[in-house]
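Common to both upcoming complexes is subunit A, partnered first by subunit B, then by subunit C.
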Partner chain A sequence: MPPLLTIDRVSLAFGGVNALTDVAASVADGDITAIIGPNGAGKTSLFNITSGFYKPASGTVMFDGKDLLPLPAHARPKLGIARTFQNIALFAGLSVLENIKLGAHAQLKANAGTASLYLGPAAREERDVTAHIENNILGFLNLSEIRHRAVGGLPYGVQKRIELARALVMQPRLLMLDEPFAGMNANERLQMATYIRRCVTESRTTVLLIDHNMETVLGLSSHVVVLNFGKVIAAGTPDHVRTHSGVIDAYLGAA
Partner chain B sequence: MLQFLEYSMIGVASGGIYVLAALGFVIIYKSTNVFNFAIGEMMMIGAYLFYAATGQLHLGWPIGILAALGGSMALAAGIERGLLQPLIGQPTIVLVMVTFGVGSILRGLAGMIWGPDIIQMPDFLPRKPIFIGDVLIPGKLAWGFIAVGTLSLAFILYYRLSRTGIAIRATSADQMTAESVGINVRRVSSLSWAITGLLTGAAGIVVGSLNGLTPTLGLVALNVLAVVMLAGMTSVGGVVVAGLFIGWFETLIGAYLGGAWQSFMPYLVVLVMMTVKPNGLFGEQRVERI
Partner chain C sequence: MADSIDIAAGKTTQLVPGRQWAYWQVAGWIALIIALVALPATASGYVLFMATLVAINVIATVGLNITVGYAGLLSIGHSAFIGVGAYASALMAIHLGTPLLLNVMVGSAAAFLVGLVFGAPSLRIKGVFLAIATLAAQYSLYFVFQQWTPVTGGDRGLSVPQVDILGMGDKGFYLLVVAVAVVLCIASRNLFRTRIGRAFIAVRERDYAAQVLGIDVVRTKLLAFGLGAAYAGVAGGLMGAFLRIVNPDQFTLLASVFFLAAVVVGGQASLLGSLLGATFMTLMPEMLRATMEVLGPPLGATDVAGFLSPLREVIFGAMIVGFLYFEPRGLAGLVERVRALATRS
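Moving on to the complex of A and B:
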């Protein structure tokens, strides 16, 4: 089967600084792929290229056989690409449920006019989304109790779950998670890993995730890409990467 | 006491107009971060369009309202599409100065087309005063208040509850995240301007029929800016409270102390309040996670 996402020879520079140089990576359908690397290695830049916030100077990004780069950021979720952010990016001032519902925005066909009049198909779509959230998302991520709370005051781990919920609402084909384990204790990390694994096994979602903590990620993913200073220094199975000398250097400093 | 109540009712009723225009201001500020100095002139153009349709073309007031609101929306969307979108990425001050320039141009154009003299708008709001107990409210003002109140309420419900409203709120909270869930941020920006055109056009018609029509009708928007600053720039609910308060306060000052006081007292209140609460009464303090 061809990979779901293929990144090929992608380069990106900010001013004179090369953030990414000739990066290639592929994400197999139905698997968990991880991008790891020290801080500043270019992991989030690669995510931002895939979601359309940065335009690379050169290279291609193909998703399911389609060229992603000409598409504006807001058009990419429609293809089935969802993501979370490194710093929690929930909409302050909106409730938990409103935040999660926004995840379905890209799928809804009603336009501004029909949606505001709330007629026929628009109302039905809205009901379907709400039912989907109630039945499949809130219970799964343990958010039922707090659905009407404002997101602002909720604990960090809960906010991370809400962000994951928002990404899952659209039933994405590719779920991109930017540091899903950041700031979590061992217990929360374990719980999050379980959620991610269940997304793959139960909904056949493909996951691409970023982390700098090797151990959590190596246990979870089937394919690992290691970035350092904007270049791919290793790619392969967790076992291959774990014993790769370049990776050990990047993490521990060259001996 | 009766007189105080009358002045109070009149004040609150005129505050309703501030609320409507200020809602238009806030929605643009929230979704695009642009401080729209053309808000008064957008009101003024709405009023002239109404006059052109009813007083000049004799089309009757329902068509006049449709023409005025439609024209105001088109004008606002045109300003956004033609002048502001090409400037995306420029410093905010550039965009603000553009709105300032647009305001001056609109004022000049209105003067060229309709002349500098005050024009009496065709009456469509009933003149018959309304009594609440012994308190008398002039008919036009009362009906004007009912009209702007209904529209404000409709807008707030739309903003709070409709999916489009939620998309606008999401965009104002975080543009990048909004795009990541598939919200077309540019379209939200055009839509916010069009909605503002609708609200300011309606406010303009009411102001015009109360005070008469001149190219400087938009100067009432100076009080709208006071309302917005008092409320805290971003709070939709706060604008309602602050708008009614400024209208009430200004009318009482004018009635008891005279017009000279009336012109600056609202700003004095705003200044004093801002030294105490720099973000306004209901403004949000944005906390960045670093």
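Moving on to the complex of A and C:
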């Protein structure tokens, strides 16, 4: 089976700083792929290229056989690409349910005219998406109790789950998670890992995730790409990466 | 993980009073509509005049709240869009003699298109800088109103033929304006039950996160500007037909500030806020005048009229600063506080 996402010889520079140099990576369909590396290695830059925030100086990014780079950021979710952010990017002024509903934006069809009348199709799709969220998302992520609360004051771990819920609503083919375990204790990390694994096994979602915590990620993913200073220094199975001398150097800081 | 859920669950116990509140809310809205419809039967000409003016200003304020409150695009050119609607609608009435509702719709469509044009700067700039860019709309449209004499009548403006709704005179006009205002309030509320309204708020709060959800930030911002202007256009068309005159002095920067103040004082991103703000701002000068007429002479202020105009502006300014500082959610925020107190006890 061809990879779902193929990143090929991608380079990106900010001014004189080379954030990414000839990065190549591929994400196999139906698997969990992890990008790891120390801070500043270029992990989030790679995500931002895939999301459409940055345009690389060279290289290609193919998703399911289509070239992603000419597409603006807002056109990419329609292909089935969802993501979360390292610093939770929820909308504080909206309730939990409304935040999650925003994840379905690209699939809903109401326009200003049908929305202001709120009859027929506009009302129906709104009811359908609410039912979908209530049945398949809220229970799964343990959010039912708080669906009508404003997200502003909720605890960090809960906000992380809401952001995951928002990304899952569109039933993405590729789910990109930027540091899903950041700031969590061991217990919460375990729980989040379970959610992620269930996304793959139950919904056939492909996951690409970033972390700098090696241990959590190595146990979860089947393929690992290690970045350091904007270059791929190793890629392969967790076992291969764990014993790779370059990776050990990068993490332990040996010369 | 389990702990955090318990904390969250503990705070949802107010759900039941919340539902009761929802019933009260619906009852309140129905009572308001009944009162509005019943008003002409008892009210004097003056009260009816003010009520019509309030309803027209509500329409314009609801529109500005879409642009400024929900979508977060600061605009101080709103009265110019009201002007576009007023002139377009008046010209239709004068030259084509078409019915009022059609004129108002055309005026609204014209304002929508002009709003899209002047909303374009919002794609690149935000906040105060955007507000200054919208000044361009204010001044350039005012210039057109004033200088394009063959069409707009210049400084003297246009005199609009009288419309008689169902032979009911002022009462008929009032009822029509209230009906339009109610429909447009419901439309704006509906908007925020769907993806369109959510997209406005998402763009206001985090435009990068909005993009990865598939929201086209450019289209969303333009739509927010256009819709706000379309509401302004409706208000303008009705205003022209109501006052039976359209001239540039109605569409000054001060008028734009008036509507911005209505949004801020009433409550940003809130329908109730638009209603309260527009009502308060329209009636405040009148309440002030009444107060001064009673209090003025004993205090030695004989020239009440001369005193009133500067005082009004001082109070406008103080209200805006006061609300921004003490209650950024405006009058609607005060209502919310009262509700929270009531449901807690």
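Side notes on the structure shown:
Basically, the second predicted complex is superposed on the first by the 254 of 255 C-alpha atoms of A that agree within 3 Å, B and C clash if a C-alpha of one lies under 4 Å from a C-alpha of the other, contacts with A are read in each partner's own complex, and residues count from 1 in each chain.
Definition applied: a contact is a pair of C-beta atoms (placed from the backbone, for glycine too) under 8 Å apart; a residue touches a chain by one contact, two chains touch by 3 or more.
Bear in mind that the values here come from a model prediction, so they are computed numbers and not experimental data.
When both complexes are overlaid on subunit A, subunit B and subunit C end up clashing with each other. Contacts of A:Gly59 after superposition: neither subunit B nor subunit C is touched.
In the superposed model, A:Leu154 makes contact with subunit C only, not with subunit B. When the shared chain is aligned, no partner comes close enough to touch A:Pro238: not subunit B, not subunit C.
By the touch criterion defined above, A:Lys78 lies against subunit B and subunit C together after alignment on the C-alpha atoms of chain A.
Set against each other, subunit B and subunit C differ in how many residues of subunit A they touch, and the higher count belongs to C. With both structures placed on the common chain, the touch criterion links A:Ala92 to subunit B and to subunit C.
In the superposed pair of complexes, A:Gln191 makes contact with subunit C only, with no contact to subunit B. Using the contact criterion defined above for the overlaid structures, shared-chain residue A:Pro3 touches neither subunit B nor subunit C, since it reaches no partner. Of the two partner chains placed by the overlay, only subunit C lies in contact with A:Ile146; subunit B stays clear of it. Shared contact residues of subunit A, touching subunit B in one structure and subunit C in the other: 51-53, 72-78, 82-83, 85, 89-94, 98, 101-103, 105-106, 108, 110, 112, 115-116, 118, 122, 126, 166, 170.
Across the complex, subunit B is touched by residues 51-53, 72-78, 82-83, 85, 87-94, 98, 101-103, 105-108, 110, 112, 115-116, 118, 122, 126, 166, 170 of subunit A. Residues 51-53, 72-78, 82-83, 85, 89-94, 98, 101-106, 108, 110-112, 115-118, 122, 126, 142, 145-146, 148-149, 154-155, 157-158, 166, 170, 187-188, 191 of subunit A are the ones touching subunit C in the complex.
The touching residues of subunit C, when paired with subunit A in their complex, are 1, 4-5, 7-9, 11-12, 15, 18, 187-188, 190-191, 193-199, 201-202, 204-206, 208-217, 223, 227, 269. Within the complex formed with subunit A, the residues of subunit B that make contact are 158, 162-167, 169-170, 173-174, 176-185, 187, 191, 284, 289.
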